[in-house]
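Going in written order, the chains are labelled A, B and C, and every chain counts its residues from 1.
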């Protein structure tokens, strides 16, 4: 693959698909979340109300509890106390209570191809016409040409794309993103910023954990800072976006 | 505090009394003589051990349901005491078998099953040492404990019904095989004494585990600062 | 999606992954063959003894092989945290276990069937006359091994020294399977074969007990 083709793949436009079902705007509510690991608190009485359609950045030092909070929202980790819920704006539309979740690893199978992985996750979640949906997603993230390649052969940037495709396969109303920019080059970060922007504009609530200011943090409508497991600052209560994003960075 | 001391004193007194009874109150058995007296200790330990494992099982279920650390402290205490008592069974068996038959081990159905039981709970305790994080350790070992206890009747059943191809000498017969009334009384007294002793040990071990846990939390908090 | 649909999808994934590389199958078959051969070197049985001890040794070899074969079961889900994405995607976490244990049972059975002619030759045991009963015992026994093994591999994957831990946890637990399967197999392969229905029933009960336990407690095994 020559350099020109590479760039074309990397610049693959994320085309917001015309959804067959309208995304029902869904928020995210944390009520008094505690998470204890053997006596030590990773999260302490965290309460947060995120409105449908917001794009929220969770900022904080390593170990402040961002990842734990996201994993609790993703229902992968069980809180020691408290509740997570996904309040739906319009009561008549079916809630897609399952959030999309992207973390440091791809969460797909290395020994399967990109297409096989997406079809698998589509089928598991009852997405109709799994193959067509997989094809659609591959086009959206610019991995069409590599659809039959095993994920094991993918570069870091491509792994990020397949991870996002997997998270979006069931058209979630809420997308959770744990440090999305890690390991990405500037081109990758631009692509990601554009993608997240489009997803958010299409009605998906986005919550992501970040360090510092970047093209991605510029998308934020709100920022919340965590420290030692508690919420210490929130733009919704008047703190400045910049100060939250640059908490400990010199 | 005095309640603990009282329980301890009563338990130890009961065991001493039971030991005395097994040597001086119970009549001497016709065929096997003096060595048969170890029977009371052997059987009492077996029953108390099994009940300790049952307590462990209940504690495991309660932990999975309620997630309160105290159930985990109870589990490990009951498992350790059960293991000690089971070890007693496995040692007294051969001690009895050797003078009677000249062999140390006979693959007798009950003894074999007890050995598997012993292996299961050794694995349980070993598993605990290999998981560092206390909540995971508690949950995973509780789940293994549940599987292990569900396996126990299957182990005893399988060995009893399918290892009798080559009938081996049965160690100490059944608890009710031709026991004189006095012998029966001594046996039940020893069983009661061993249960009291096991309860005392479990309580002490529980308190120890509780303190260990508190120390652990303080250490981690200090390190985090 | 329903439990059965999810299980079918995941089973497809397990089978596809394994048949693409065939790593597990080949290593397991070779392992059992090596063990059986080594057993016969160590014991050097006569033909009569082979008939008596052979099935027991076969089951022992199966158990050892299974405790190795089941290691990657949940370990391979840790590489890219696919366990989390599966948990997110399925409606009932039991489907994850069901798919894996069905796959493991199939792999074990396949290994055993491939192995049977070799076993018959090495130990001079005619397996054809009672083949259908033998296959039934192999199936029920392998199912029991898989159910317990899949559950325990979820536990050992989260502990240290997991390579040594899984056999240590699994082998004592599987004692009933070993005892009953071996005994029933011996009487099936005897000069005057007898079908021990009580034993076969016992194996079915073992399978049922652990399947139920896994159904009740499975989701806690996957918790974080």
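Following the convention adopted for this analysis, a residue touches a chain if its C-beta (ideal position, glycine included) is under 8 Å from a C-beta of that chain, and two chains touch if they have at least 3 such contacts.
Here the structure is a predicted model, which is why all the values come from computation and not from measurement.
If touching chains are joined by edges, the resulting network of the protein chains shown connects every chain directly with every other. Looking at A-C alongside A-B, one finds more C-beta pairs in contact between the chains of A-C.
Distances from each chain's CA mean to the overall CA mean are smallest for chain C. Of all chains, the one whose mean C-alpha position sits at the greatest distance from that of subunit A is B.
Averaged C-alpha coordinates put the centre of subunit B at 31 Å from the centre of subunit C. Note: centroid distance subunit A to subunit C, computed from Cα atoms, is 39 Å.
Between the Cα centres of subunit A and subunit B there is a gap of 52 Å. In subunit C, the residues touching two or more other chains are 223.
Against subunit C, the residues of subunit A that register as touching in their complex are 71, 74-78, 98, 101, 103, 105-112, 116, 120-121, 123-126, 166, 170.
Those residues of subunit C whose C-beta lies close enough to touch subunit B in the complex are 148, 151-152, 155, 158-161, 165, 168-169, 172-173, 175-176, 179-180, 183, 198-199, 202, 205-206, 209-210, 213, 217, 220-221, 223.
Touching subunit C in their complex are the following residues of subunit B: 64, 116, 119-120, 123, 126-127, 130-132, 136, 139-140, 143-144, 146-148, 150-151, 154-155, 157-159, 161-163, 165. On subunit B, the positions that touch subunit A within their shared complex are 133-135, 213, 216-217, 220-221, 224. In the complex of the two chains, the subunit A residues touching subunit B come out as 36-40.
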